[in-house]
Structures are given as C-alpha cells and as structure tokens.
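Letters are used for the chains, namely A, B, C, D and E, taken in the order the chains are written, and counting of residues starts over at 1 for each.
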Amino acid sequence: MRTIRVLSVLVIIATLLPLAGCAGGGGSKTLKIGVIAPMTGDVKTFGESTRNGVQMAVEEWNANGGLLGKQIEIVLGDDKNDAAEATAAATKLIQQDKVKFIVGSVASKCSIPISDVANKNKVVMISPTSTNPKVTVADGVLKPFVFRACFIDPPQGAAMAKFATENLGIKTAAVFYDNGNDYVKGLAEFFKASFEARGGKVTVYEAYAQTDTDFTALLTKVMAEPPDMLYIPDYYNMVNLVNQQARAAGFKGILAGGDGWDSSDLDFQAADGGYFTNHYAADDPRAEVQNWVARYKAKYGTVPDALATLGYDAANLLLNAIKTANSEDPVKVKDALAATAGFPTVSGTISFDENHNPINKDVVILQVKEGKFVHVATLKPE
Amino acid sequence: MKWKVPSWGLLVILLAAGAVLQLAIHLEVINAYWALVVTYMCIAVISSLGLGIIYGFSGQFALGHAAFMGLGAYTAALITRYMGVAPWTFAIALVGGALLAGGVAWLVGLPILRLRSDYLGIATLGFGIIVRVLFENSDKVIPVTAGARGMTGIEQPDFVFLWAFLLLLGAIIVARNLRFSSPGRALLSIREDETAANLMGVDVVRYKTIAFVLGCSYAGLAGGLYAHTFLFLHPSNFDFIKSFDPLLIVVLGGLGSITGTVVAGTAWVAVLEGLRLVLPGEVLEWRYVIYPVLLIAMMLTRPQGLFGTSEAAILRPREAEAPAAPALATEVTADGTHP
Amino acid sequence: MTYVLQQLLNGIQLGFVYALIALGYTMVYGIVRLINFAHGDVFMVGAFVGYFTLRALARVTLAGASWLNGILLFLLAMLAAMAACTLLNVTIERIAYKPLRNAPRIAALITAIGVSLFLEYFSSLKFVFGPNYITFPSPLPAQTWEVAGLRISAIQVLIAVVATLLLLGLNYIIRYTKIGKAMRATAFDRDAARLMGINVDLTISFTFGLGAALAGAGGVLYVSAYPRVHTFMGIIPGLKAFTAAVMGGIGSLPGAFVGALIMGVAEVTAKSLYSTMADGVAFLILILVLLVKPSGIFGRAEVEKV
Amino acid sequence: MAPILEIIGLSKHFGGLKAVSDFDLTLHEGDLQGLIGPNGAGKTTVFNLVTGVYPVTTGDIRFEGQSILGQEPWMINQRGIARTFQNIRLFPNLSVLDNVRVACHAHGGYSTLEAVARVGRYRAREREITERARNLLGVFNLLGRQDEVAKNLPYGEQRRVEIARALAANPKVLLLDEPAAGMNPSEVGALMDLIRFIREQFRLTILLIEHQMRVVMGICEQITVMDFGQVIARGKPEEIQNNPKVIEAYLGRGVSYRTAL
Amino acid sequence: MLLQVENLHVHYGAIHALQGISFHLEQGEIVTLIGANGAGKSTTLKTICGLLRPTAGAVYFRGQDITRLPAHKIVSLGISQVPEGRRIFAPLTVRENLEMGAYTRSDRREIAESMERVFASFPRLKERLDQLGGTLSGGEQQMLAMGRGLMSRPELLLLDEPSMGLAPILVEEIFRIIREINQQGTSILLVEQNAHMALSVANRGYVLETGRIVLEGTAAELRDNAQVRAAYLGG
C-alpha cells in the first residue's frame, strides 16, 4: 500500500508538472511566429524541411533588422502528422505561447484542424503545403484568417496532358494516385480528364495508400497492356518506389509526374528520361531562385526540396504582410495578406484568389536527364 | 488510506468540482489549451476503462479498441452534423455512437470471441485495420466523411468538458458497480480460468460478449466526445497503432484496476502534453524518444502496473461484515493445520 | 491466365519477404510467448544497415562482371544487416525483455511496444538514420526475363533464391543442430530445459539473434524490391508478417512460411482487384482463417487438459 | 429407484486414439462410487465428457432421466453436476470468498443491468450469495481465509476450497478428480471424513477418481476399474482387490500392505 | 561427502519456504526427504539444482560451493534432476529427449553408450525411439524422464515425486528401477509423497515440516518412529 501511495503522489506531481509551464507567455520584446510541422513521426523529414525553410526566412528578416522593430522568434509545435496532436499543438501555441501568426502544417489532415483553431481564435495561419480545399474553406465559407502558399494546381495535370499528347505524341497512359491526398488526386483527375479530351486513352487509373510500398500488383495490371506513359503525380519518395518497380517490371514507356518530383532525393536513375510539371526550374535564372538555392545549400548542405521552398515562401508571404500592415494585429495582417498581389516568391509570383489560394501562372515542364532537371517547355495555363 | 467520505458525499464534491472547472474554462480562467488537455484526459480514461472491462476484467486480449472509438466518433459526428449540437442532440449523438460501437461489437463478437488469447488479439487488430480501410473508403457511400481526406464540419457543443467529465464519472461508477457484483465476478473468473469458469456454471460466451459490447460502447462514447473535442476526424486517428494507447494505459495502471486506469490515463495525457510544454523547440523531436523510454522504464520497475489489481478505498464496496458464525455444523475439520 | 500467374508471382515475391520476418516473430513467440512488436523495426534497421553498407562499398568493385559484382555487394550488405540486427536484437532482449521473464506476459508486450516506438523515433533523429526517405540503390540491373509468357525480374529471382536458402538453413539449424534442439526444448518447457543443462538465457538470446538475422536479411531483400528506406517502414510489413505467423499458427515454423505466402498472395490479389481495400481484404482473410482454424493453419488444435 | 446419472455406451475418440470406448456407469442417488485405473486409462476423459468439456463421439449420458449430450459445461453445472480437478484449478487471483461466490453466480438471480445500476434485486441477492458462500467456507473451516488470494493458500486448503466451490452450485452429483493427490496420510484421513460428511450434509451423489487405494477402498461402495478406455472390472472394494485382471493391470502383487497405506 | 546443504533459506515473495535446512548425502546413498505438501521438499531440490536462488545458506557438491551457479553449470558438474510431473519435451522425439539429457556432454560415442545403458534399464524406450514424447503413456513418460536424467551420467540424481499420479503397479516398477540405478553407482536424493515406498528404498531420510527439518535418521529408524508412522505412514 505504501508504494502505491508514493506512486500516486508521483503521478499527481507528474500530472501537475505541465501546469508549471503555464507561467510563460506575455513579453512582447519579440515577434512570435508559430510553426507547426511534423517534427516527429513518419513524415518528420517534411517537417524538418518546412522548419528549415521558415527558419531561413526568419533569419534573413532578422538580419535585415527584424520586423516592426522587433526580432522575430519561432515557436515550434509538433503535430506528429496526427490530427489530434495538431489540434493540441495549435491550441498550445495560441493559448500558452500567445502567438498571433502560424506557419503550418504539412499534411492537410493536420492543417485542417489547425486552421479551425486559428480561425476561431483570430490567428493568421498560412499552410505552406496543404492542398485540401477544406484548409481555407469550410462548407463553402471562407476561413478569413487562413491562407496557403502552395498552388492547388490541378492545371498542372492538364498541362502535362497537353505536353504529352502534343509534344510527345503519347496515346495511352496509366495513372496512379494517392487516395488520401487531394493534391495528388487533383492532379490525377485533371490529367485524366484533359488527356482523354485530347483523344488519349487512360488504360489504368488506380489509387493507392500512402503506406503502400509494393506496386507490383498495380504494375502488372499496367503491363497487361503497356501504355506509352505512366503518370504518378506524387512526392519523390513515392515516385522513387513506383519508378524503380516499374522498370523492374519491364515498363519501357515514359514516366511523368508533378512538382512533387522536384527534389534532390529523386531517384534520377530510375526516373531518367521522365518529365514533370513544376512552378519553376532549378536552373531558372531568376535571382530569387538562385539566391535561395545557394543560401540554403550553404546553411543545410543540401539542395532545398519543395517543402523547404514552400516553407520559406509561406514565411515570407506572412512576414511581408505583417510589414505591409505595419501592425501585429492579426485582423490587419490577414487583410494585408489577402491583398497580396504579384509577390515574388521562389516558387513563383503570388496573388491570392477569393479562397486564399495562390493564383496559378505558367507551368514549366522539366525533364530528368543524366542526374539533372532540364527545362524543356513553358506552358501558359488555359 | 482511511478516507471516510460517504460515497454520495464524494460524488457531490466531484460534481461540484467538475462544474467549477467548466465554469473556469468558460470564463477563460483556464485557457482553451488546458481545457483541451483535461477533456482529452477524460476521453482517454473513458476509452481505457472500456478496454479495462474487456481485458482487465474478462481477460479478453482485444486490440481493436481504436476502431470502435472511430465508429463512435464518426457516428456521433454524422448525427450532430445533421441535427446540430444542442444538448439533447449531442446526447443523442453520444448515445448513438456508443450504441453503434456496441452493436458492431456484438455482431463481430459473435464469431470472433471464440478465439482465445493472442489469436483474439490479432483478429481484433485485423478488424481494426478493416474498419480503418472502410473509413478511408467511406466517402463512396457517405460523401461527408470525405474518406481518406478526413471529415470536417463538426461543430463544438457547449460545455464539452463538463459532458466528458460527467460521462467519465458515470463510466467509473458503472465499471465499479460491475466489478463488485455477481456478473463482475463471473467476468473475473473467465479471466482467471475460462474452462473452470465454464464448469462452475458461468455462461462464458454470454459474459464475454457482455464485457466486449460494454467495453466497446465505452470506446464509442469516448469516440463521440473525441469527435466533438477535436472537431476533425481522420481514419489514421483510429488506426491499429492507436489501439495500443488504451492498452498501455490499462496495463500501466494495473490490469483490472479501475483506479489504476484512471490514474494512468490521466498521467499518460499529462506526460505527452507535458513533454510538449517542457521541451524547447530544438529538442522537440525528442518527445517521442523520451516517451517510450519512460514506458519501458515504468514497465521494468513495475511490471504489474501502478496499482496491480487493487482499488482505491473509495471504489471498494463496503461489504457488511456478516457475523462470522456459519450456520452449518463444523464438527468435521478437514485438517488440523488451520483450526 | 498469364495475368493471374504474373500476379501470383508478385504475391509470392512479397510472401517470401514476409516469411523471413514472420519466422522471427514465430520463433520468439514460441520460446518466450512474446509478441515482439519491435521485430518490424529490427527489420527496418536491417534495411538501413544494408543501405549504408552498400553506400560505403559503392566505389568497390569485387568482380569484373556487373552482375557478379552486384550480387556480391548485395550479399555483403545483407550479411552486414544480419549481423547488425542480431547484435541489436540480442541487446534489446537483454535490456528490455529478460528482466521481465517472470513478470506477467503483457508487461513484456508493453516494453516491446516501447522498444518499437523507441527504435522508430530514435532512429529518425538526424544523428542516427535521419528522417529522410532514402532510395535503396538497385543491386542488380533492371533485367526481366520472359518465361512462358511470364515476366520474371532479376529481383524476384534474387529474393526467391536467397530466401529459400535462408529458410533451408534455418530448418537445418532448428531440426538438426544441438542449439536448435535446445531451442525447441526451451520453447516447450523452460525449467525442464534448464535441468538438462541447457543455458536457457543463451538459447533465448540465440533465438532472438536468429530471428533478427532473418529480419535483417528480409529488410535488405524488401528494399531491394521496394526501394524506399525509412525509419517507419517496418510497421506495416512487420504487422503483416506477424499476422501471417498467426494465420499459420503462431509458434509453428512451417505455419509462418505458409501464412506469409498466403498473406503475400492475398494482398497482391486484393490490390489488383481493388487497390484501396487491399489491407482490409488481407485482414479479412486472416479473420476467416482463424474462425475456421482458431489456432491457425498449422497450430495444434489443442485439446485442453482439464 | 431411477438412476440419477446414467452413462450408456460412451465412447470418445481423439483422432485415431480411442480414449474411452463403450463405457457404462450408473449412479443412484446417494451413491459414493470410485473410478480407478492406470494412467491414461480414460478416467478423467469420462469426467470431461460428463461435464461437457469434450463432445461425445458416441453413446449417451443421462442425468435425472434426460440426455445432457451437446450441452455446454455451464448448463450441465447448473443442472446439478459439479466437479473438481486433477490439477487444482481455482481462480488464482480471486479471493477465497470470490472463488466460491463465482460458483453461486448462476443462482445470483439478478441481471447485469441491476448490478450496474445497483437497483432491484441486487442488494438482497448479493447478501444471500455472500452468506451462502461464507456458510460453505465455514463447513470447510476456511472462514478465516476468505479474503486471502486463492493462489497464496497452502495446497491442502486449495483442495478444500475447490470442493467448497463445487458445492456452491448446489449440485446433486459431485465428481472428484484425485482429491487426495499430494496429501499425506493424516490429511487423507481427514479428507475421507470430509467426503463422507458432505455426502450426508448436502445429499450428494459422488463419483471419485483416486490413485490412493486407502481412499478408494475406504469410502467407496462400488468401484469401476478402467484400462485402455474400457471397463475391466466393477464391484465392491474387496472384490476389486482380489480381481486378477485388476491386479495384473493396475494394483500389482503387493496389494495387501498398500491397502493399509 | 557428496552433497552438503547448509542452513538453506528460500523465500517466495513474502513466503518463507525454507527456513534453514541442513542435511548431507554420502557417495552411493539413497537419501529421502519426506513431508507434507508445502513442507519445502520440491523447493529444496529446485534450490540445489539452481532453479531457485536461496536467500541464505549454501550448497556444496563434492566440497565445491554451487549455491550461486546457474542451473546449466550445476548439471555439468554431475547433478541431474528428474522433475516433478516428469516434464518431458512433448514435441521432441524420445531420442531427442534423451539427447537433451546429454546436452552438457559432447562425445558422441559416450553419449551413445549412455543411451544403451538407459535402454537396458528401460527397454520400452528403445521401442518408441522415434515417437514424440507427448504420445507416450504416463508410465512411459516417467521412464523417459528418468532415462533423460541419467543421460548426463550424473553422480547425483534428484528425483522429485517419481510415483506421483502413477498406478500402483507402476509405482512398484519405478522403485525397483530406482534401486537398480543406485546399485550401478548413482547416488540419489529422493523426494516422495509415498513415504512408505521412499523409506523402503532409502538408506537415510529427513522429515520436513513447514520449511524445517524436524527429524532425521536411517530409514529403519524413521519407519519405527511413532510420529512418522502417525503422520506419514498412516498409522
């Protein structure tokens, strides 16, 4: 019994311990920016990239004298790629740390609950990478405080369909997409619609789950009637899996995808000869791009991937809006952000539409060739 | 531990405490973050108490708890989506979630509860995965669940904490009353030795089913609360990995101990959230490294759990000590060692 | 028909890898009655060690021909993975499971879950394996052969040959060697084994090591076929392999093998029919098998002693 | 008088193994019979068939004139056949009192709902069950141990708790499986007295399996000897002791002094 | 002195199972421990062969302190136990069971010899060599357990309740073999519920009660002791 009593006391202390953290908050010597990203769990790597991107932006602003006369401070929250954790992290940042601005999160399943918490508490939030429309709009109603920095970009799919039929003369294509990812699903749907409208034939149109690694079954289905092209508009890690297995299964056609391919971690050997759509080319001579890549490489030792880039862009969009509003008042900042027009970011020049999505612009087609991305065409959206 | 508070008095005190806490949350004396944490504690404990009934009481190693929580969550969320979140519709939603989870548990239990020990565990785990896959594909039947992309548009009812707290008290009382009753002893006997229980006249199938259905209803109830606390449902929140959480809590508290489950469930949430608060940004990624280390250390130092099988005094029944005079004659004593 | 056979081949390929993991599960279960949930994560470590070995050897040429060179490098990577996993699992066993030998069974299961989480989250820290998705370099050229209308890839041949050899080796160890017999004796009755002069702790460690070696080899084979290395990659294959072991009758070695093949084929079949429901179908099959044979296909239908 | 338990042509095959074949036995109310035979002769299997643990291959078991084939063990128990086990099978982590109260469960007389809500018949019936269980413990001189966890009891006491638990279901027929196993002679003597006593007190019909000839020969009125699943002899103790088939298969030559043991 | 046990104390949790037991066994003897269930007989055997750790006291084998040695080392020193309830390896064949008995030895030829010697005592085992242990009858299992115990060629054999649960006719057979084994030079420490049989084969005996030795003497002395007669021999 005694041990139980001692243990009970210990447990109670452990329970109360977090309350000690209640004290914090207040203090307006710095301008706090909350960052919520998966810092643990299966997509930790995306979280780190995002955090790095935001960190770069903040450091640059701080080096230039900060914002509104204050240094910017990042308060990091971990969502573990889990919706409940995301809610807790967002609530904690807003309530405990009193942040008024949030950059995050990576996955839509985390950004959606965060966006609800942020919007309800009148905290400006911008998600760098979450493409689900429900992040910014719920039941047809805009969440005024919520934005995203990435292109939802179904037109990318249409652009690839156009390029494939017109430039490559592709007649048949197979499409794989992640059932749980609106971005991937959107690209796939638009590709399919546009490709078929142009007289192409989609031989196989199959969904998979994010946890899948074995694509042999789907590929065997594809190989029953080998198409000219295999379209996989997912992130590089998934693309690598599919591409290598596709080659092992004897697929000799063209591999294609979307801007998720844009990574130094792409398996260049397996993807060799493949095409993908993107917002910009890494060999794009624009200063924003070249500076960004060089600085990132200097600090982190790798070429920035899409997540880092979008994290950087999102932070810049937000900080710029604060500067434009010249106020820490979230209401003014969100108005300034909504009014953003023609703001140059690494991933393109951004203006927001009425749903707080960046309005798309030119689509670039890149080819994977001998370990490099080569710019082959630029298409205007239709 | 000689707390001589009459149980009704204690209940009144607890009810008052809950009301005060809710008031503090309402007036934002306690901020929304802490409200979320304490509400989540209640939810975690309710769900774990359910597994406690299934595993702790009747010894059925079930690993599909998260799936039943998910069933309750989606059901309740769908109900309030169409009926709104007035107190009575919220009540209907919660009951609906619990009933659906219980009903599915009954249907699944009919064939599956014949399995024993680890085979039951893996079959229920498999069931949990099937349910997750169904959630992922549910948008083909019910578009508003949005399948693998997660269900949005759940409104928050008023006083969620108070709801959770009151339901937690109810869950504790029901579990405790069950534990100290004849059906409860039947459950425990099944845990101890199923065959012997059967041979002593306990309708094993019936009581295993009762435990499973009741425990899964707890999960469903917790799911309904979960849906209306976090307001967003995603199939991955009810994945098989999540079924380990109530299992950890039940075992850490001590198998079969209601007290242990309450304490461990509370502490479990406190540790996970505490780490979020204590760790600065640079080492935040260590959160889920420290947690398993604590878990292992805890298990190595106290393998029988915090409370073993014992209960706090307030939960134990006050059995009237009957006079020790047996009615039957005792001229025959079986042996002389203990006269 | 060819299509069905082709899919069957895919299923068998997957099944062979599952078998290597499932055997470790089932052996450990047989000897200490522990569902070692960390086994899938040991498999993950194997994949990483294989990757790092290959990367370290990237500039080494062992034999002239690229095929031979590839195979030799692959074998080296696999051996390194097997050795590392053995060491890791034996260490884990000593620290996390051995102190709980006489505790309730569930306690060890909980520490296994803890170990699993620890391996996943700790190894995704930057100074360990890091959180990145890494592409495993294909050890062999992307060659396929047509045999009677069936396409057989080099990887499939590699998996089939290596896995078969490992399974035969395992069978030999368990049936004919002294330590193998000691494993079976210890699995059946630990105290009686002790009375025979069997060093039970050593035998149990050996079992963990042997299971881990297979998992390590499985890890390298797995990423050779499905080339993504990641710290959380072990969860799903681990779960499926464990399920396969249960389906076959946990504790039974042939059961684990057959269960793994069924699991692989079922999964591939389901995927080819309705890809997003694949996991659901695979586990539905599991439940159906258990309802017909409550202790698995090869499990002894135990007549309970009363 | 009609027999209370009638086993007719009972057979049980496990795969190819014929554990019990064509076994007959009749118990009349108030009987105290013994079942003996070498290890593996099928004695415990007979108990398991009667109590419904294993399904019967062929044959019939009639209790109070009605066949109980195909019934679940708990149904058979509730009808009035209770048993103990060769290797003690108490509920190890439950208290002695709860062990006995579990077996009163079938006669609990209130629903799970009443239990959970603490209403209706709960209170009265619970008091009855407890009283009944305590009375039984009193008979077995275990009242002082009622709150002990069963597994912590010494062996002899565990045996007694097991019998008390079996009696809690208010059986008409009691099957005892090696009740004297592991007891020393003085304990065995007390056990024999106890068996006689409970037969009178609870109006029981008893069938027991036992290797200790002192018990079997000392208290059983009729003995059935089994070997290889079949009855090889049946009769009064003295007849059995001198039956050459029994001596050959089971007792061995030096029987006389061991009887005294 | 082959075996010497000095002031042995063993606890199971809060239960003080052995409360200072001392006894010895000379080369070539059969010594029996008798006592009621729970008196500590099996505990004593388990402690000698290293399955249990004593809280105090010591065990010496041929003068060597073996108290803290692990079980497998003790076996290789020449102590072998035939455990209560036989505990044969059901899924292993009879041959494999016997091989397990010789686990600590490595000379194949000598092991084969030992096996032949076991067959001489238990000819029935030879007929069932490739049968699984679990399919043997109770009596055969007891023989296999004893044969297995002899495969390590022990100097000291610990027998725990060899007659338990056996038909009277088999009990007699088993005790005949125990005597035979002893005559071939193996010393035996015998724990037996059936005190009558035990004292009929033993040279000396000790009586245990609740974890203590209350009486000791030659088998004949114990048989004639009034207390022993009353408590263990049934009059």
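The rule is short, and it goes like this: a residue touches a chain if its C-beta (ideal position, glycine included) is under 8 Å from a C-beta of that chain, and two chains touch if they have at least 3 such contacts.
Keep in mind the model is a prediction, meaning the values are calculated, not measured.
Look at the CA centroids: the one farthest from the centroid of subunit C belongs to D. Of all chains, the one whose CA centroid is most distant from that of subunit E is A.
Looking at A-B alongside C-E, one finds more C-beta pairs in contact between the chains of A-B.
Averaged C-alpha coordinates put the centre of subunit B at 40 Å from the centre of subunit D.
Centroids built from CA atoms put subunit C at 34 Å from subunit A. Centre-to-centre, using mean CA coordinates, subunit A is 72 Å away from subunit E. Each chain gets a centre from the mean of its Cα atoms; for subunit C and subunit D, those two points are 48 Å apart. With touch defined as above, residues shared between interfaces to two or more other chains in subunit A number as follows: 40-41, 44, 179, 209.
Shared interface positions of subunit D, i.e. residues touching 2 or more other chains, are given as 53, 85-86, 89, 154, 156, 186-187. Of all residues in subunit E, none touches two or more other chains.
Of all possible chain pairs, the ones that touch are A-B, A-C, B-C, B-D, C-D, C-E, D-E. Contact residues on subunit D toward subunit B in their complex (touch as defined above): 51, 53, 72-74, 77-78, 82-83, 85, 89-94, 98, 101-106, 108, 110-112, 115-118, 122, 125-127, 129-131, 134-135, 137-141, 143-145, 154, 156-157, 160, 165-166, 168-169, 186-187, 190-191, 193-194, 197, 201.
By the touch criterion stated above, subunit C contacts subunit D in their complex at residues 303-306. Within the complex formed with subunit A, the subunit C residues making contact are 3, 6-7, 10-11, 13-14, 121, 124, 126, 130-135, 138, 142, 144, 151, 153-155, 222, 225-228, 230-233, 236-237, 267-269, 271-272, 275-276, 278-279. Across the complex, subunit C meets subunit E through its residues 178, 181-182, 184-185, 188-189, 191-201. Those residues of subunit A whose C-beta lies close enough to touch subunit B in the complex are 1, 4-5, 7-8, 11, 14-15, 17-19, 21-22, 39-41, 44, 74-78, 80, 82-84, 87-89, 91-92, 94-96, 108-109, 112-113, 116, 121, 132, 134, 138-139, 179-182, 209.
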